[in-house]
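Both of the next two complexes hold chain A, though its partner changes from chain B to chain C.
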Partner chain A sequence: MTASTFEQVRSVASDIFGVPAGKITAESSPETIENWDSMQHLNLVLAIEEKFGMQLAPEDIEQMKSVGAIVALVEKLQSAAR
Partner chain B sequence: MAIVIQPYRSEHEPAVAEFNQRLRQAGEDDNMVFYRWAEPRWLPRRGESRIYNEFFVAIDDGIVRGGYALKTQDFFFPDGQTRSIAYYHHPLSEGIVNKAHAMVGTLLLRDAMLRAPLLYCLGMGGYDRPLPRMLLRLGWAHSLVPFFFRIVNPSRFLRNMQTLRSSRSRKFLMDIAAYSGAGWAASKLFRGYRALLAPRSPATECREVASFEADAMGLQSLWEQARQTCSFTAVRDAETLNTLYPPALKHLTRLVLKRNGVAIGWAVVGERRQDAKYGNLRVGSVVDCFALPGELLSVMRGATQKLERQGFDLILSNQSHRAWGEAFKAAGYLPGPSNFLFAASKKLAELLSPFEEVRPRMHLTRADGDGLPANF
Partner chain C sequence: MSNPTLGEHHPANLRAEVDSLIARGAFDLASRRLAELWRRDPASGTASFVTSRLDELQNKTRHKLALTKFKVAILRSFTVEPIVPLLRAEAFACGIDLEVHVGDFNTYVQDLLDGQSSLYHFAPNAAVLAVRTDQAAPELWRDFADLASEAAQKTAERVVRGYEQWIGAFRKYSQAALIIHSLERPSTPSLGILDSQTETGQSGLIWQINLELRRIAARFHGVYTLDYDALVARHGSEHWHDERKWLTARLPIAAGYLLQMAHEWMRFIVPLSGRTAKVLVVDLDNTLWGGVIGEDGMAGIKIGPEYPGAAYQALHRALLDLSRKGILLAVCSKNNLDDAMEALEKHPGMLVRAKNFAAMRINWTDKAQNLRAIAGELNVGIDSLAFLDDNPSEREQVRAALPEVTVIDLPKNPLEYAAAVRNCAAFERLALSDEDQQRTEMYAVQKQRAGAEQTFQSKEDFFRFLKQEAELEPVSDLTLARVAQLTQKTNQFNLTTRRYTETQIADMAKKPDWHIFLIKVRDRFGDHGLVGVAITHDVGEQCEVDTFLLSCRVVGRTVETALLAHLAESAAQRGRKRLEGWFLPTKKNAPARDFYEQQGFELQATSCEGSLWALDLKSSTLHCPDWIKLKVATETTVGGKN
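Then we have the complex of A and B:
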């Protein structure tokens, strides 16, 4: 996990969930962030797609269970696109 | 294990039952459960049928975490083409009771959009509900389907309409209006005024039929002539009517209206299922209707008279087509606040473009939703 991708994902998550970026860790998930519900999950998916210029398939969305998992997913998709 | 969304099969039924049990245990409404049986009771896919329901379930290591339904049906489009499109309904995610599954709602919707890019939603209960909020966020085109109501029995309406009797002072005033006859007088006055303004209908025969099959030729001709008045409508040809409104659906009343032996329109009416907001009112519904140009009011009057004779206190309908809305108003209906939404996926909206121009002539009724056969 690169620091750069993590910071970018954390920034997106902070905006969507209304949580200070400093409180978001790789382990943050729907169970630890109060506002992370179905609606905000969709907002997160759309924001990640916009931020990183990618289209997430259902199997990608399914992996987005924590901030760390999202970072790993973004990096995997970015390296596959190179 | 990854979540896999796949067609709901009979071997999934025990896992769906457990999913429903978890929702109930978490305090969800008894209606917030997924279908018990894998094969749809209404419109199962059979042979070459153009209208059918399919169910899908989201499974994670053998455990069902959600599901949704698609109703596939032919629609007539503004370009004169007929296309098969799908209606996304009954999405249900375990995310509503367990945030660990928050992603399931998005997964279900994305899966449906991949299976059926020409996708729409209808009803949904208002813009503040989760599904419409998601659809708007995804950039779907949307509009409210206008709601119309006609008070047949003002006294019972005033005494039973729970959503209006929301405070002691309101209850008091409504009781006074009910018992003094003021409500009845106001209703008569309004209807008399409307009747004066409305054009007279030539003599029309309104006949109740057990099946639309006997009138198939006339109704097919009616469809072919009248569809051009709609920019977008579910195909309502003779074969479709027989599929949607088979004689087995005894709670629906099928009406065919004729003049000089020629079909000028048809309507399907029925009783709405009990709802606490209507108290003990008997609530009738104009579920669906179609008519030749210029004959909408005749059809509406025929349908209304039938429901009045059946003893309903209140009659409701949702109609998106502006001309049908005018016909309802001319027949003594009032427009009311609607929470019945239509939303079209981006791909579907491209075919309905420009949406604001197409919208007034879209013909959508409660029959286009998940309402049939019981929940209209």
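Then we have the complex of A and C:
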């Protein structure tokens, strides 16, 4: 997990969930963030797709259960695309 | 929280700044920084941030931001929720506080037909009917191959009748605008290329439905169609669609294009809310042409039909299209006036010319000040101006000084300039009046003169620049009517306001001691035609000015001095010693009050009617200003008198 991908995901999550970036960690998940409901999850997915220029498959989206998992997924897809 | 290594305009720092400004109570500045953040980083995450801070500014602080309120309802057959924050953020950046109501999934028919529905309770200013073809005409979209051609035609007719009925119901219950998405045609029709060989194929029938929708919309006031196919085509169907999101989340549009959907809606919302620009003020160097005229010269600047000049010609065409919509064009450029005017008037590649501009400020003054002056000259508010300039620091200066101006962020590549202008929602119009189409012409000729005036250090410089040519001639049969009309209609620069009929003028012209002079004026901006009349009457040693008037179009440009000097000269030639004239004040002729005094006349007498002035023709220094090229014609033909 690189610092820059984490920073970018964290900043998107901070905007979408309305939580200060400093309070978001790799472990943050729907259980720890109040606003992380299904509609906000879709918004998060779209914001991640837009930010990293990728389209996520339903299987990918199912894995996005924490900020750390999202970072890992983004990095996996980025290296696969290279 | 702010990170100095990122620079003050970095989105992360702007977010921190917005929050600290809100905490400090600097709400207006917070609002401006928020708009700047959106311009720099218009993405989904930013939209959430912008809308949450906007809500905070308006609800928690109860602060009144200078925003236009507007309510839009979206009736839909697909997921639009993720577009809403983008739409609200985009609206905010356009000066609109947008409240959005989203109808339930696929309940648009009930919503429209039921006068008690949540749609009508919301009381929107506009409603968007965003229905996909697969919902509006499922047989045509999915099962087209199974339909006999007659059944397909009937289906299309049924779809049209449905829309007609919904629109009728909407008009019954609401005065709001209605924006209807036209139906998308399949990018891969069921019969392949065979489909486009017939009028009534899958694609052809949907096309016909769309044409009918336009016809129906045109019958109703305030009903418009949004050309969805054209929108998708602009961005590319393959990119626009995301089949997986459609199947899993009923969202057919790919993440990167949701903003474009919002932007397309804004093209309707901006003109509906009245936040339009009436004037586009353009820079010259590297905006209207490539290069710098002062350095590269006429031969060096890039503007013409070939690359790279073609990029600028494309922008010129976009500007001319704006003029046709009644949007005025103006110039604001830091340049030497003569260089710039030479390029605007003489460069063969130029499609937009000096005459297309209603106002010009070509000088070295700062642009914000010039924009204020342009707004004043054209008699529009500062918020009616849009500003086009390739230089980011000029744009920032204008934004900072005049936040109400619509500043267009030109892309770096000149090939994208035209599209940046064409896609600016502030120039969208939903209807055109005849007046809109004529407005530019009306302003262009007249206002340019006033505009040019501001760019000179001295009045004399300006007069020289004008290149005025005046033609003096006696009245003739051809001009009798116009002369009489001028005496009847001219109120402001009219020293005696004596009204004459055509017959009276003709009678005077026949008398040897009466002389009638007409003045025609042309300058570098165009021909003014016959603009002034003077009538003199010789009495003994005096020559009395009976009438002296000038159309206000040319007053103040020393044409009046040229005319008066000619009267003096002509009287002296006839052996008169003095030129005399009354100033008879009226409610409207104050502009002429000091005229005789300014021209070196002496006050002779005052009465309750006015004041009498005289000029000694021997000692007079009155002469035609050297910047006016004067031509005097002597032959005349009124009733045979020469």
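Points to keep in mind about this one:
Here is the rule we use: the second predicted complex is superposed on the first by the 82 of 82 C-alpha atoms of A that agree within 3 Å, B and C clash if a C-alpha of one lies under 4 Å from a C-alpha of the other, contacts with A are read in each partner's own complex, and residues count from 1 in each chain.
In the analysis below, contacts are C-beta pairs under 8 Å (C-beta built on N, C-alpha and C of every residue); 3 or more make two chains touch, one makes a residue touch a chain.
Bear in mind that the values here come from a model prediction, so they are computed numbers and not experimental data.
Residue contacts after overlaying the shared chain place A:58 against chain B and chain C alike. After overlaying the two complexes on the shared chain, residue contacts for A:36 are found with chain B alone; chain C is out of touch. In the superposed model, A:49 lies in contact with chain C only, and not with chain B. Chain A uses residues 39, 42-43, 45-46, 57-58, 61 to touch chain B in one structure and chain C in the other.
Of all residues in chain A, those touching chain C in their complex are 11-12, 14-16, 18, 39, 42-43, 45-47, 49-51, 53, 55, 57-58, 61. Contact residues on chain A toward chain B in their complex (touch as defined above): 29-31, 36-43, 45-46, 57-59, 61-65. Against chain A, in their complex, chain C makes its touches with residues 12, 43-46, 48-49, 52, 79, 81-82, 85, 242, 244, 248-249, 251, 254-256, 258. Within the complex formed with chain A, the residues of chain B that make contact are 2-3, 5, 93, 95-96, 99-107, 109-111, 114, 130, 133-134, 137-138.
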